[in-house]
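Same chain, two partners: chain A is paired with chain B first, then with chain C.
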Partner chain A sequence: MNAIATRYTLLWVGAVAGLVILGVYTHLANLQLERSEFITGYSLFALMIALALFNARKKLAMVPLIRSAYWLAIHVVGGAASVVLFFIHTGSIWPSGGYEQALALLFYLVSVSGIIGYAMQRINPRRLVQTDLEIIYERIPAELSEIREKAEAVILACTQETGSDTLARHYMETLSWYFRRPRFIYNNAFGGKAAEHWLRLQYRTVSRYLNDNEREYLDHINDLAEMKAKIDIHYACQGMMKGWLLVHLPLAAAVLGLMFWHVIVVNVYAL
Partner chain B sequence: MMDPEKFKHDSSRYERPTNRFRCGRGAEWGKPCEFGPETTGRCGGMNECRPAKVGDRWECRRSAIAGGPCENGPDADGSCCNKHPPCQPRRTIRSIRGLLAISAFAIVVGVIALMLTLDSGDAARDSIIQPGSLTGGHDNFTSAEGCISCHSAHNEDAGDWFLAAFTEEDMTDQCVDCHTFGGDPRHAHNANFASEGPTTQCVMCHTEHKGEDADIKSMSDAQCNACHENSIDSFSSNHPAFGANFPHDRRTSVQFNHTSHLSKYFVDKRYQEKAPENCTSCHSVDTAAKAVAPASFEETCATCHNPAIRERELLVLRLPEFEEDLIDREAVSEACGPTMERWELLQEQITEITDAIEAGDEVENFEVEEEEYEAVSLEEADPISAYLLGAVADDMESYTEPMQEFIMRLVEEGSAPLAELVDEKANQEVSAAMLSGLNSELVKRVACAWAANLEYEAPTENELGGWHGEALELRYAPTGHDDNVVKAWMAFALASAAEEDAGDADVVEAMQNVILDRREGAGACTKCHAISEDEVGARTVEWRYQPSDARPFTTYSHGAHITLLNPEGVNLMDPEDGCNTCHKINEEAAYQEAFDQGDPHTFESNFYAIQKKTCAQCHSEGQVQQDCQLCHVYHADPGFDLRMVENEDAESVD
Partner chain C sequence: MASVSMITRPQRWDAPFGPEMTDADIHRLTALPEFASIDADSFPKHTPLDGILRNDTRIVRYSPGDIVVREGDYGNSAFLVVSGNLRVVIAPALPRNLIGRQLSERKNIFQALAQLWTNRTVPEVRDTSRYGNQSVRSNNQSEADARVFLQDIPAVLDEHQTAQLGPSTLFGELAALGRVPRTATIFAEEEAELLEIRWQGLRELRKYDPTWRKTIDDRYRENALKVHLKSSSYFSGLSEEELNEVADATLFESHGSFEWHVSYKRMRDQGKADKEPIIAREGEYPDGLLMIRAGFARVSIKMGNGERTLTYLGAGDTFGYDELWAGHQGNDISLQTSLKAVGYVDLLRVPAPILGKYVFNKAGHHVTSPLHQLASHAVAQDAPLEWAVEQRFVNGTQAMLIDLNRCVRCDDCVRACASTHGGNPRFIRHGRTFDHWMVANACMHCADPVCMIGCPTGAVHRSLETGAVVINDDTCIGCGTCANSCPYNNIRLVEINDVAGKMVRDPDSQKPIMKATKCDLCETNPGGPSCVRACPHDALQRVTFQDDETFGATS
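Presenting the complex of A and B:
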């Protein structure tokens, strides 16, 4: 068992043990006519704070607060455990009060977005590795610009050397659209091959009108287009991995806000 | 794999994902400049370098990434010669994420703060506090005052809220402001048990704010078992057997022997027409819960027993035989007027005087001649008046003087002297009722007759009952069943006790025997109504039906059962065989003996005890439900404070 698997296994065992303890405690407390919500509520509160601290930990990269990989593991396992603990605490799927319904809805949305995000973090890196390309997300515009410049330079060279504008017109009418910015984003995000098919189609369409000399330039253009297709995959996959946090994090912030309010109301009114 | 040479320091700028802004040209898929935006969000790529002044010359500082120093060099004013129009830098995803997160948190806080500024009682304000709707009843009574009805901190300011968060809120106090339980709400079952149980709070079982239709009363069997030392898995498995006399814990308040009535009287041809047809003729079970009160006397027993009631008269006062006549005749004549006999005597003597005057005889010092005293009564005093006067009924010497003085007072004052004696001996609760309806004029007339050593002659027959004089007696005839005067005299008799030093035990006993006489006197009431003795020995007649109070936490609904069939297929509503499913008459029971003594809990029922197995025929695993709450309640005597009923401030009601 590798280190990551060991880490997750230990955390899962700990989480399950904790949940079992709290579940049994809740059951016994209910039988004893005692109020278990206090313990389960504050446990959930502490867990939610711990989950939120993961984001803070990322901002404090210079501070030696355990490796970020451990934090991620804690966040993933703790997030899953919080869903179970939420049901142990509330005892129902849907509360009846206005703000508690809002809190529950936000909690569910955070949980679902977290699950989706975790799934993307597990799936997309493998797809990125399969592209045999490494690129920093922030550098993609520069890379695309550079590829576009190269492609346009090849087209100019082709026109000057062969005296034919066939490839140039083809570029202007079709390929310039492709090289201008990332394309087939959604298709790439879900693992489609639309870009590959589109490029093959464009290659075959123009290839028969070119002589051998021009076809060499076309092959060069095609190499650049395939490189760009890989960058597009990176753009889509990395964008998803960054973009889901645009949903998860604000929802989590709203949950924290309502959670603090819930704690205040409960302490003022019910305890 | 990208060419690693591209990422060397002089080939590529260092990307900083944590920056808040990114180049606007790159964001529009153009070529990003090498400088990137400034931290303030302004474009940093308007110039390709920032020339440095070396000595008196400006030198180009364009980076190697951008192509190194340019040919033209800086302008004379020291600015870069390669100027570009500024771009509009965009926020990075990280920055947007942070903004969204802060905004989301701020929106939540803002909405809560905004709602809190609304007036108390506003639905929108309450919606951010209420964890759910109240159940119907609670929602209704809190509609006027709102949350403050139960939560004292609701309308407080922020400081008090802060304090309230660290102060324990005892909701039980709020609950018992309206609810009453007939006991301490913090004691298990609101009762004091031999073993000390845990301190209880209402919220241990009843949690509100779970919706209008939420069931906030139900409990699981396991929760019952939490406190009970003897854990019960289910009724049919290990619930204890019922008691020896279940469900009865005391004899009935009215002595009605089912065995003798059913087997002897109701089958007797003389009474058959009057006999009830079946059980439900006397016991109305269709709407009954645990206790099935018998129908009223008038609907049941009266058909046979009513006529005898009026015959049971109470002798309160009797003119006894006196040794000597101590009564002042002149005073009697003055108060009552002369009697016919005395009038005739006077007439004779006046005639004699007139004759003497006409004959010239001496008439000075003439006196009316009194006849020699011969008591009209040969009876001894009655025990009641003897007791009231402090005399001994069969001791002429002891009662002659007080009785004649008493009669004279009756002559002069009517019933008042009798009332005084009664007030003196009886407690206030019964003294007023004991002489209720007694006509003072009647007493005076009776007393006048007796004072004149005559029998009282009633003008009419006493047909309707009540107080009446009869020759030498003042009597009370019951007007019917449930006669308050008779009940008061019986209470008086039972409450009367001999005084230790007075030595009047015999007198008291004689008085009690007369009043409580079952065979001939008004005490015949106790042929049916039991006389019970409490813990301190005080005796009372049980005039009313007494439901069992031994199992306050046990419930049963006759009404819910009578529409069902018993395991033999007999409808429980069947007035004969249906009732018999549970209530089987024990013909051997010594039912009568329970009424010959005062302890109501020493008894043998007319019926065999109901067995657990009878109930378990249906209430068992896989059949009818058998959870604890089906037959047991937690609160034995739940009620509401009077304010909940009358909508005003007042003390609680029982």
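Presenting the complex of A and C:
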């Protein structure tokens, strides 16, 4: 077993053990008509704080804190455990009371966004590797601009050399749309092949009207289009991997805010 | 309104090695026999002999017990004994605590944390008052004043085998020119005065004076032979007399160019593989055991119309043993593989008869080479190795290897680097890729750090404490030689700003003052490289290619 698997295994064992203890404690407390919510509630509160600290750790990269990889492992396992602990704490999937329902809704949303983000981070890197291209996200606009300029130069050269405007017309009518900016974003994000299909279609559509000389230019355009298709996949996949945090983090902040108020209210009115 | 601050553009020798060198010192040095015989006219006007002595050397005085050089240290200078006697420790080596290895000044946790608010919004801020008035060499000098000393010299002499080094002895040139660690600890036996010559000056002396060239080359050759033979498992059991016979018969060879990076970069820019001089060709008769002393060599075998890399050899590895052993057993066998220089290779060739006499005929010296087993690997299995050798990444000792199957491109590594380096990262998360591996543009702290070649002030140097290749910002003149030399484009020149956030310019040319920057493995920050610590997905690691099984390590 490698170090990563060992790390996660140990954390899962710890999490399951902790949950079993809390579950048994809750069950026994309920049998004795005692209130277990404070223990489970404060456990959940502490766990949520620990999960939130992962983001703080990222801001403190210059300090020799525990490696971020360990924090992520704790975040993933702790996040999953927090869902179970939430059920133990509330005793149901959907609590009663408007405020608690709002808190539960946000908790579910942040949990779901976390699961989606984790899955995305496991799947998308491999998809990016399969493009056989590596590009920094922030450089994508400049790369696309460069490809567009090259494509337009090819079209211009084709027109000047062959005297035919067929390819130029097709470019202006259809292909320019594709080269203008990232396309098929959602399809690329979910692993679709729409861009490939669209490019093949465009190639076949115009190829029949071209002679061999013009077809060489079309092939060049096609090469550029295929390069852009790869960059579009990077744009979609990297964008998703960056963008999901914009959902997860505000939701997590909202849950923390409501959770703090929940704790205050409980301590003021329930004790 | 844009505002700038002005400082004079730094020049070579702005930061002399020994700022306290006086005319009297120079006069005294030129009277020494080692320099009196030099024809000063053979030196070019821009690099005169007295300029070298004034700027690339310094006189250092040692008290009895003072340690001059320590085994394992990386050093960029050689020493000439002017007066007094020194002792070199031959065996056993002095314990680490006795030689008091100095720790580099790391920030404590509070100083590290303080970067959170002390990092400025403007990157690459420098306190320009540091430049010009004093140099780090003078700081080094003050560190040398607080040097470690041996309290009980007689006890050391009793317990360790030592040899005396008297006046006119030159030592340390092997480490200075070969960019290899010091091989022995040397301390002052009595009051001693030494001339320390930094490697840039040593290089110039060797280049322009034939006597120095011969002396350095002879010593270099002799030391390399002795040291390497002694460290080899084949010859470690030999007596001094036998070792001398082996050394006398051994040939010293260099293959490839000392400045291999120049042709490598040119060929790479053209999308071609660099030429690799053949050291030994498959099918030829093996006439001796080849022992790699420095650099790297590729072991390959013919495959189809090309050459397939089986492995690569580095310092301490040998080639041709199996065939020689078979020959000694009476089987006439030619070399089963070829050996090519990957860049620059120093090697020793021990003739077959000598090997037969001192190794094959002695029980317990037979070491089986694993090379013949490597050909049974699947071709695909060796593809990462082939790529790593082709790209010369095998040179890296701390290469930033990113597993792209795990990397989510979050740039946490980049941000961590920036936050530990005043707001500007010291690497680019981009680089050459193979399958799902990327070697990012971060300094690899090479085994053969060619960036150190040509640095006019010695600003690029090996850290004494960690062996990392670091840049001394105080003595960097921003000439870009290191950045141009780096075969992997891992050094960047940056425009600097003063503490007020204003861009720093040269008053004469109005051009910005530049400084070379690169990864320093977070040497001054606690906890090691922040990039590794910051990666949440275990995607980023610093690797020594020779130890990485993915890239052909045969552990």
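Please note the rule applied: the second predicted complex is superposed on the first by the 269 of 271 C-alpha atoms of A that agree within 3 Å, B and C clash if a C-alpha of one lies under 4 Å from a C-alpha of the other, contacts with A are read in each partner's own complex, and residues count from 1 in each chain.
Definition applied: contacts are C-beta pairs under 8 Å (C-beta built on N, C-alpha and C of every residue); 3 or more make two chains touch, one makes a residue touch a chain.
A quick note: this is a predicted structure, and the numbers were derived from the prediction, not measured.
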For A:Ala252, is the partner it touches chain B (first), chain C (second), both, or none of the two (neither)?
-> first
Touched partner set for A:Ile39, first chain B, second chain C, both or neither = neither
Scan A:Ile136 for contacts with chain B and chain C and give back first, second, both or neither.
-> both
With the two structures laid over each other on chain A, which partner does A:Arg126 touch: chain B (first), chain C (second), both, or neither?
-> second
Which superposed partner A:Leu109 touches (first chain B, second chain C, both, neither) | neither
With the two structures laid over each other on chain A, which partner does A:Met241 touch: chain B (first), chain C (second), both, or neither?
-> second
Is the number of chain A residues in contact higher for chain B or for chain C?
-> B
In the overlay, answer first, second, both or neither for which of chain B and chain C A:Ala69 touches.
-> second
Does chain B (first) or chain C (second) touch A:Ile185, or do both, or does neither?
-> neither
Could you look at A:Leu60 and tell me whether it touches chain B, chain C, both or neither (first, second, both, neither)?
-> second
Common interface positions of chain A, toward chain B and toward chain C = 134, 136-137, 242
Chain C partner contacts - residues on chain A that touch it in the complex | 3-4, 58-65, 67-69, 71-72, 121, 124-126, 128-129, 134, 136-137, 238, 241-242
In their complex, what parts of chain C are in touch with chain A?
-> 109, 112-113, 115-116, 404-410, 412, 415-416, 419-420, 429-430, 433, 435-436, 438, 525-528, 530, 532-539
What residues of chain A sit close enough to touch chain B in their complex?
-> 30-35, 95-100, 132-139, 141-146, 149, 180-182, 242-243, 245-246, 249-254, 256-258, 261, 264-265, 267-271
Where on chain B is chain A touching in the complex?
-> 1-2, 12, 15, 17, 22-23, 26-27, 29-32, 92-94, 96-97, 100-105, 107-109, 112, 127-133, 147, 151, 153-154, 161, 164-166, 168-169, 171, 200, 203-205, 209-211, 214, 220, 222-223, 225-227
